[in-house]
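You will see chain A twice below: alongside chain B first, and alongside chain C after that.
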Partner chain A sequence: MKLRTREKKGGVLVPGEIFLPALYVMILGIIPLLLIIVWSFFEPTEYWIRPRLTIAAYTKFFTLGRYITFLKTLRVSVTVTVIALLLGYPIAFFIRKIIKEKYRTLILFIFIIPFFLSYIIRIFSLRLILGRNGLINNLLVLTGLVSEPLEGLLFNEFAVHIGLLSSYLPFMIFPIVLSIERVGNSTIEASQDLGATFFQTLFKVIIPLTKPGIFAGCIFVFVSSLGSTVEWDLLGGVSELSTQQMLESLITALKFPSTFAISTLILIITMGALLLGFRYARIGDLFETLE
Partner chain B sequence: MIVLKILLWIFTAFILVFIFLPSFYLLIISFEPSEMERVPKTFSDFSIKWYIRLFQKQRLPAAIKQSVVIGIFTAIITACLSLLSGLAYRKLRRKSYFLGLLIFPIFVPGIIVAISLSVFFKMIHLSASMTTVILGHVLYSLPFASIVTLVSFSALQEGVIEAARDLGANGFRAFKDIIFPLTRGGIFGGALFGFLLSLNEFIRAYFLSGWQETLPMYMFGQMKGGADPSIYALAGFILSVSILLLVFIMLYFSIVRSRSRSASY
Partner chain C sequence: MASKKNKFTRREFFGTGLKIGAGIAAYPFIKSVLARSRSATSLFAATEEEAEVKELRLWASGTQTIEEHWEKLESDLGIKILFSDNGNAVGPVISKMVFGDAAKIYDINGLQGGAEKELADQGAIIPWDMSLIPNWDDDIWPMVRNIPYHTVTGKRYGIPFTINADSMVYNADKVSVCDTYAYVFDRSLKGKTSMEDYWANACIFAAMYLKENNIQGMGTIEDPGNLKVDELEGVMEFLIREKKEGQFRTFWSGWEQGVSLITSGEVWCMTGWEPIVYAAQEKGVNAKYAVPKEGYEGWSNDLILHEGVKKKGLYETAHAFVNWVYSGYFGNQIMKMRGYCSPTEKVIKYAEAHPNEFDPEWIKGKQKHVLDKFKKKKGETYWQNVRPNNFKLYEDWWEKLRRA
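Then we have the complex of A and B:
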């Protein structure tokens, strides 16, 4: 018979240590966001806002044509996410299923390095690579593939896409790798024993089972693309206005409710996507892999 | 099937080049002595002229110092918070809610976090300063650091702690002699995460800091305005330091993991 002299396991509902980190995230992470949502419905004064309810900020969003820029930024983010998925899934599959066990950590590590390198450095360097005198054009001219340097590589949406992809592709790869991990080899073997070809197994078994990872990766890339200013600033050039730049200029002009309104809309979209993920793609499972 | 494998190998290599090329290109350019931004023509052309010029610049040492100081504070606070999270996680019943809360900041676009924090600080009349930057950086790195720390805590077996208790250790002893040595890697990893992310973070610093200039801000200013090639040396320098730190983490992690593997039963 065991003497229960030690504390009951799992009996404590909320241990004391939890308070500090939880409080930190709540106070600095959640409350400011709630404030912004609420304040987007206030009226602007000369330097700040006044607590009178109005949806002027939101109507201005449409009447002043801001929604066009917003939709453009959204479109780019979605495109980047889709491309990242198409590129990232094969890589994740490769890492998880084809590379031998002992090299796997090394390769994952290699893919995570860019995350820590200042992305300003990377984006600036892309400017050099894509520019008129850049690496790509130099190579093209050198090998005689083109007679003159290509102008259309930089300072447009294309360059922004490249920049965003270069920055956030690893974010797509990692959750998918985690997710593929949960698809046991025996499941795959079973599928093939039942007569499925490789591609049938891929599309009917592996991909559905890795939905959580796919969704998490997409969310990461999507959110990061929406939140990025550097890629647009440095690669987009003056002609392409981004929502991020719009927010910057709005807040510098002290037009707070409008800033908050646009921010709230972005929040609604990202949180909405997140909720969808939790309900349908069961991202929660992904977290359990961490245990 | 073999064809597929080969294709995947090539594809992955291509993507790796895509991801790493910008950084490498910059690194190589930083050694080109002329004012042109190109790859040095021959080996003898490699020069560290711009690196030397870099450290002679006035504003740079101050910016570096600023970034490092902020980074260290961020690292310490992040490590403490994620340590507490790790300790709490074991005893929690509704684990996933807590984890969700910790991870939450990742899912908010960077610029929104920056705006919300700066407005929040304005409301509580906390003027932009080093403190606000640190607070922002901790919020940003906490999710990642927490994951690292929690992973290392999950390797901790309840049985070992119970054994320690049975042998008479109280809470603090158990932590000092059992938990801490086994999870040291994760905690330290969390701290390092905090430091690295803080060092390279820009958006938050841009919105939150008043007159304080940190390294990324200095660089951004230089890049937008167009400066001499010592900016590339700066980039190359940051790159090398970051990679060195990362390699250090990895080695530390693998050593700790092999040690704890032999310690668990």
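Then we have the complex of A and C:
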């Protein structure tokens, strides 16, 4: 059956077709976000807010040191994204270009399997691996590499990184696999035939062509890490507090304008990253592969 | 032709808008007609069956329900409990009651103790008429009669649903005898201790330790559960210092985390709940519950009466429910299901009168164990308060501690 085209000449959607989806996005997406921004400038009352404009919530963000937690979460999210990219790109390339097609689905499936488990249990199980009497420490002691179990594997920023990577690495791999589909073997062979080295082919041909996938993966991992709680909660220990945990604590204390102010800042950063992606990495091109 | 079909004219645009608008406008009318037809049907059914069954909406911590066993209340008094979990996060509960409709939608709340004064001041709850609760008699354990935050200006707003007293869980193979909170802060256990990740628990334990041992001149603390500004500052600075020294392995929250820290050997001594000890023992760990010289942190989950019940004509029904809670059956069932204690002698009396329903010896042992915590304690019992006078400052300090 041929699908009825929903496009006018030139590929532009007509208003009638987008009226309801646009209404849906406005009501459920854009209006709540705009309200969060506006409410962040409202004055707090004992239990809610009132429409008197103030920047107190933003001032408190700095004076009460909340920016420290915010910047730390941002830094960890960036680090996790970079590590995920460094690990994820070769894995994606291996899956798409090196291994035989019949094993490809199996390998991708291996990365999906952990998602069948409860999110909390998955993170919790890392404690059994990284803990004082965990798998790694037992191996290290058994092999005589250390005499005492290492304390620094769990309940610190390192453990948070491990937790976030284990949760979000597949989000990096899948879009890159998708984007590598766009790079035909003939393109790589042509580059090599013209005398390009491996690294020249990689940096001048493959990576530019897979930029949309790289950026999509980075956005998925970065935004997910920015909003994470469980990894920090279960693996972070006493000193590791994420922005999300801080937001939960602020909501419990009914400090709504501060919650909205921090959410606004997250929104600005996320939107900024997305705009950069659309502008420079042509993230939209990723979906052309599907056609 | 196709392009004409797809063209969205101004007329069509307004037409679609009008249809949606009409739908939205008609929705409340349709809803009310449906609601009326439903209530008419249910009224008819009630007349046919049992018109006297009254429904009470109980909004409480998820651990306070006896689930299908509420049927006993229905068969005894014709009161049907419609239970909803309030999430046990005090701030949002108060917000929903004062700012939202929760005080009208639900009839009775089961909330960790301390929020009574604030809710009463805001008019969200009303006092109990104790003359309508005859089971609040001499069988009630004396120590729960005078929990400070249950009364406001002489009127009783809070009645304990369940109570207990908490101290420390420790691994007896690693720590010989844990009889003081000093162990949590002992440098020989550096990196092997923990506290709960919630200021309402951590602050009171630290304050008890500082007060009872007069450390840093903190012997003057009046109520560890309701610290003044300068007292709170002293306690929190002490905790921040301990944290910076690396004394705590982590802060824990939730049942699974509490059990896991002790059973995995990550933590040897931590402030926590007694059931963690039993769970750890089942897993082969020689865990014990401490009897600290500084005393216990008592807590009560309280029944509070929402202001909406009078208008709904459920004032007497709500009191009848609480009276039933104190008749003994509920205490047996909640002990059997959750290990929580209802503070009345009627629990044991009921078990003895109904040995086919409950094991009287087991119940007696459990009830006596909790009672002994209060009676044979070494120190005072200080009551946990989830809404102390300076609670916003507590939140700020806790945030500071977590960042430190």
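As a convention for this text, the second predicted complex is superposed on the first by the 260 of 291 C-alpha atoms of A that agree within 3 Å, B and C clash if a C-alpha of one lies under 4 Å from a C-alpha of the other, contacts with A are read in each partner's own complex, and residues count from 1 in each chain.
Here is the rule we go by: a residue touches a chain if its C-beta (ideal position, glycine included) is under 8 Å from a C-beta of that chain, and two chains touch if they have at least 3 such contacts.
Just so you know, these numbers come straight off a predicted model, no measurement behind them.
Asker: First (chain B), second (chain C), both or neither: which does A:196 touch?
Answerer: neither
Asker: Can A:108 be said to touch chain B (first), chain C (second), both, or neither?
Answerer: So A:108 meets neither chain B nor chain C here.
Asker: Could you look at A:267 and tell me whether it touches chain B, chain C, both or neither (first, second, both, neither)?
Answerer: first
Asker: For A:207, is the partner it touches chain B (first), chain C (second), both, or none of the two (neither)?
Answerer: neither
Asker: Applying the touch criterion given at the start, work out whether A:24 contacts chain B, chain C, both or neither, answering first, second, both or neither.
Answerer: First partner only.
Asker: With the two complexes superposed on chain A, say which partner A:132 touches: chain B (first), chain C (second), both, or neither.
Answerer: Second partner only, chain C.
Asker: In this superposed model, does chain C or chain B come into contact with more residues of chain A?
Answerer: B
Asker: In the overlaid three-chain picture, which partner chain does A:170 touch, first (chain B) or second (chain C), both, or neither?
Answerer: It touches chain B, and chain C stays clear.
Asker: Should A:78 be classified as contacting the first partner (chain B), the second (chain C), both, or neither?
Answerer: neither
Asker: Tell me the contact category for A:251 with respect to chain B and chain C: first, second, both or neither.
Answerer: both
Asker: What residues on chain A does chain C touch that chain B touches too?
Answerer: 6, 9, 14-17, 124, 128, 133, 233-234, 251
Asker: For the complex, which residues does chain A have touching chain C?
Answerer: By the definition above, chain A touches chain C via 5-6, 8-9, 14-17, 19, 23, 46-48, 64-66, 68-69, 124, 127-128, 131-134, 151, 154-155, 233-234, 236-239, 241, 245-246, 249, 251-255.
Asker: Under the definition above, what is the set of chain A residues touching chain B in their complex?
Answerer: Answer in residue numbers: 6, 9-10, 12-18, 20-22, 24-26, 28-33, 35-36, 39, 87, 90-91, 93-95, 98, 105, 109-111, 113-114, 116-126, 128-129, 133, 135, 138, 165-166, 169-170, 198, 219-220, 223-224, 226-230, 233-234, 244, 247-248, 251, 256, 259-260, 263, 266-267, 270-271, 274, 284, 287-288, 290-291.
Asker: Note which residues of chain C are touching chain A in the complex, please.
Answerer: 2-3, 6-8, 12-13, 16, 20, 89-92, 94-95, 98-99, 191, 243, 248-251, 253, 256-257, 260, 264-266, 391-392, 395-396, 398-400, 402-404
Asker: Sort out for me which residues of chain B touch chain A in the complex.
Answerer: 1, 4-5, 8-9, 11-12, 15-16, 18-23, 25-26, 29, 36-39, 80-82, 84-85, 87-88, 91-93, 96, 98-113, 115-117, 119-120, 123, 135-136, 138-139, 142, 146-147, 150-151, 154, 158, 162, 165-166, 196-197, 199-200, 202-203, 216, 219-220, 223-224, 235, 238-239, 242-243, 245-246, 250, 254
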